[in-house]
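By letter and in written order, the chains are A, B, C and D; residue numbering begins at 1 in each of them.
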Amino acid sequence: MTWRQWAYRNLHTAAWHKTGVSPVNRIIALLIVAAVAVAILETEPTVVSGHERLFRWLEVFFATAFSIEYAARVWIAAENPEFGGGWRARLRYAVSLPAIIDLIALSTLFLTFFGSEGAFLRLFRLVRIFLLARLGRYSSALKAIGHALNSRRYELGASLTIAGMLLLISSSLLFMVEGSVQPDSFGSIPRAMWWSIATLTTVGYGDAFPVTPFGKVLAGITAITGIGLIAMPTGILAAAFSDAIQRQREANEDRREKTREKRTAIGEDEGHQPED
Amino acid sequence: MTWRQWAYRNLHTAAWHKTGVSPVNRIIALLIVAAVAVAILETEPTVVSGHERLFRWLEVFFATAFSIEYAARVWIAAENPEFGGGWRARLRYAVSLPAIIDLIALSTLFLTFFGSEGAFLRLFRLVRIFLLARLGRYSSALKAIGHALNSRRYELGASLTIAGMLLLISSSLLFMVEGSVQPDSFGSIPRAMWWSIATLTTVGYGDAFPVTPFGKVLAGITAITGIGLIAMPTGILAAAFSDAIQRQREANEDRREKTREKRTAIGEDEGHQPED
Amino acid sequence: MTWRQWAYRNLHTAAWHKTGVSPVNRIIALLIVAAVAVAILETEPTVVSGHERLFRWLEVFFATAFSIEYAARVWIAAENPEFGGGWRARLRYAVSLPAIIDLIALSTLFLTFFGSEGAFLRLFRLVRIFLLARLGRYSSALKAIGHALNSRRYELGASLTIAGMLLLISSSLLFMVEGSVQPDSFGSIPRAMWWSIATLTTVGYGDAFPVTPFGKVLAGITAITGIGLIAMPTGILAAAFSDAIQRQREANEDRREKTREKRTAIGEDEGHQPED
Amino acid sequence: MTWRQWAYRNLHTAAWHKTGVSPVNRIIALLIVAAVAVAILETEPTVVSGHERLFRWLEVFFATAFSIEYAARVWIAAENPEFGGGWRARLRYAVSLPAIIDLIALSTLFLTFFGSEGAFLRLFRLVRIFLLARLGRYSSALKAIGHALNSRRYELGASLTIAGMLLLISSSLLFMVEGSVQPDSFGSIPRAMWWSIATLTTVGYGDAFPVTPFGKVLAGITAITGIGLIAMPTGILAAAFSDAIQRQREANEDRREKTREKRTAIGEDEGHQPED
């Protein structure tokens, strides 16, 4: 096995010959999490102050590590039978979506070496978060959730529509009832919406709430409706997950059933019934 | 095909010959959403100030657009086989519920041209929100949710009754325990109910909460009971949606079963078993 | 039919010869709701002040109405075959639980005529709330919910135990971390529990929350754990309701299956297969 | 039966010859709950002050009671057939996990006799909470919940990952939008995370919330996303519990089916079909 073949096996998730994730990819995943954690902590002045040197070194370290990783991934693309082989395969890999996200995330690391703390660079730094999307590759459960969400997208969309309608109705009513009493919080429908969304989602910051008796009655009804808004998507998702589990079980049972039938057919000739 | 036939196909949702929603109805739906969004923004003085002219023009635009739409819908009603034909069909359409809602919503648009910012006109403006009800026509998922809610209406009603009982008990207890300590928040059962509903729905504005140790113990129990109140309707709805999905699957399986049986019957004559 | 028989049919829920609830019982139910509503409003001084006479008259009215109802129920008990007949049956009814609750609720109405606004009488007034328990008789959905809750009582109890453990752990940790910084809110485990219960149930009044970084991290973990605490009972109840629905469906299918088999058996003799 | 045999039956849960929990173990469980309750109350100065003597006596009482219990458990270990017998069995019991937890909890009781109110001893006191873990032995429903959680660990982990991603995205966005307006609450991503976690879990303390229009729009979307975060684990757990119930039912039906088949086979010989 050549070095490139070894690297391909270790870096390309689908090429790993054992179950699970290769040690190399595990380390890379850990590095990504660490890089995002550092990026988050860097925004906090009380953490950075006094450790500027440390954070600078961490930046250099991550920039180096991810540069090597990116280069390696381009290099091994030639091993990927899907891409053909040679430099053409490498180019094909380089223009694939995960490779582009990697490159953008990588470039932001280098950009911070030159840049000051401008708002624009802050935006670029945040792209690092998308590095985490690669971790998603490792998990098939995420796909299962995505599939469940997707299979019920119309119902979930409809419950979002109902939520929108309730948001409009409650904020309009509170605007009419409390608008003149508390113009700051309920003086317009958009202002009342801020209260309404905090109530319907049961967040309840407490910065805005009705003070008139009728407003409080309406707020109470809104809060109870909020329970319904939580119940609807939860119920839809519960049903979707339940359905997914049952399909899987039935598929398993079908397979077992067929195996048993086959064994029974063989068993008859041999004059005995095999036990399950 | 006459112009009226073309308009009928494009405006009447059931008459559209392709799947989905006709482009004309898509545009109308977008206009309705835009009209409601503008109506909401108009209540916010900081948005309107300096753009009075723009909002005036938008009002004129929406009034014109929806007038044309309404006239077109009346005109094409003659094509609707359900209504018979001719002016009689148009009259029948004009007195149908969606047509009346459209007309009221439309008239409020014209009323705002003459009216000042009176509270009464505000009320009329809100009728525009019902324009959104027409969007409901486009979604069959809303019906599925409505059906699920309807099939479990007794259980949902019963959980609302339980919620009402808990509201009464917790607000009565807190009124007794905290009434003399915090007369503003717990000085009467209706006042304690405001706290109770915010706690049972887990909204928790934080404007009212007990301060005595016993009051806090009762509030804690109320909050935990609130979890149960969320769990009940959610569980009921989850079961309803789960049941709906399973019924659909069984219906599909039944259909497939019958198709297979038929194919098997044919296959026997032909001396081979078709694979599924 | 004697008057007593007529009254028995109309008052005793099980004796009503048509489906649903008799008109007389409907009126009584409405009166009970009204009496509770009046009792609640009477605790609010701003509502009572200026309408003392009206509330006094309502009290007299409800006292009279419920006295008549109680007398009638005792009178008709003689018709109840379960109780035998005559005065013995009336006595048996009078010592049954619903009759005793009715009598206590009734007596509190009379007690308020003599009493001042003492705390003790307030307590008695609250017994009126239990009048609502009679409304429960009318609903079979409440029983279904009660059955679902009962069938999963161990799992629900276990999730309450887990909630208690999390409450202890989170309040102990926050007491250690924030105890010295905010002695008012976290100075002891019972104090920290008030915060912990508000967070775990996602109520979040906002009167107490950690201020130290480590305290905030722990609070965040507690809040996420709170989601799990909502998810557990909801999931358990959803499964219980789902199971109840499926049992009912299977019972229906079994019945239909048997009917079909019977019809098939008959159909064979008659030389034709009846369609389903 | 010797005294040791009697003690073994009463103390060792698995050795109890009747269903449920032995009276001795019930009393011990009650003592554990009482000891934890006392430990919690001891941290509250307003409760302890004036009752120092009482709490001291309670400490002595619990220390004595649990010492006797521990000694008894070591003594009876010789009866346990799993451990062999004699002092060797006692040693084996003493190094088992529950025995070690008991010993640590016990030692903290003695340590408090010598110690002042140091922060370190506080930590030790909290170990008493783990005494409650023994109560877990009594409940099989806890195992069922644990099993359900375990069977869906990947999906639950994936929904936690999604929660983490949403936390990162929303706190990053709010940091960018509100960072310069409210540096105290949104001046860094970690600070914005405190707001974000309170919103996503719908706790909503109300100590931090956006004030700019765009920030409020983002907060509204975050709050709605929070509903989804509650819906996901709830749906997953509901499906897991539903699946567990159904498996159990099918197992029961299978058993009944087999019993029926057996009875049918016997019934044929006897010339009659037994009824179910």
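Throughout what follows, a residue touches a chain if its C-beta (ideal position, glycine included) is under 8 Å from a C-beta of that chain, and two chains touch if they have at least 3 such contacts.
Source: prediction; values computed, not measured.
Novice: Same or different: do the copies subunit A and subunit D touch each other through matching residue numbers, with over half of them shared?
Specialist: On the two sides of the subunit D and subunit A interface, the residue numbers are mostly different, under half being shared.
Novice: How big is the rotation, 0 to 180°, that puts the C-alpha atoms of subunit A on those of subunit B, in steps of 5?
Specialist: About 90 degrees of rotation relates the two copies.
Novice: Starting from the Cα centroid of subunit C, hunt down the chain whose centroid lies farthest away.
Specialist: That would be chain A.
Novice: Could you put a whole-Å number on the gap between the CA centroids of subunit B and subunit C?
Specialist: 29
Novice: Go ahead and note the Å separation of the Cα centroids belonging to subunit B and subunit D.
Specialist: 41
Novice: Give the residues of subunit D touching no fewer than two other chains, as numbers and ranges.
Specialist: Subunit D, residues with two or more chain partners: 190, 193, 198, 202-206, 230, 234-236, 238-240, 242, 246.
Novice: Which stretch or stretches of subunit B touch subunit A in the complex?
Specialist: 36, 39-41, 43-45, 47, 119, 122-123, 126, 129, 132, 135-136, 139-142, 144-145, 148, 160, 163, 190, 193-194, 197-198, 201-207, 229-230, 233-242, 244-246, 249
Novice: Could you pull out which subunit D residues touch subunit A in their complex?
Specialist: 154-155, 157-159, 161-162, 165, 168-169, 172, 175-176, 187-191, 193, 198-199, 202-206, 209, 213, 216, 220, 223-224, 226-228, 230-232, 234-236, 238-240, 242-243, 246
Novice: Over in the complex, which subunit A residues touch subunit C? Could you list them?
Specialist: Touching subunit C: residues 202-206, 234-235, 238, 242 of subunit A.
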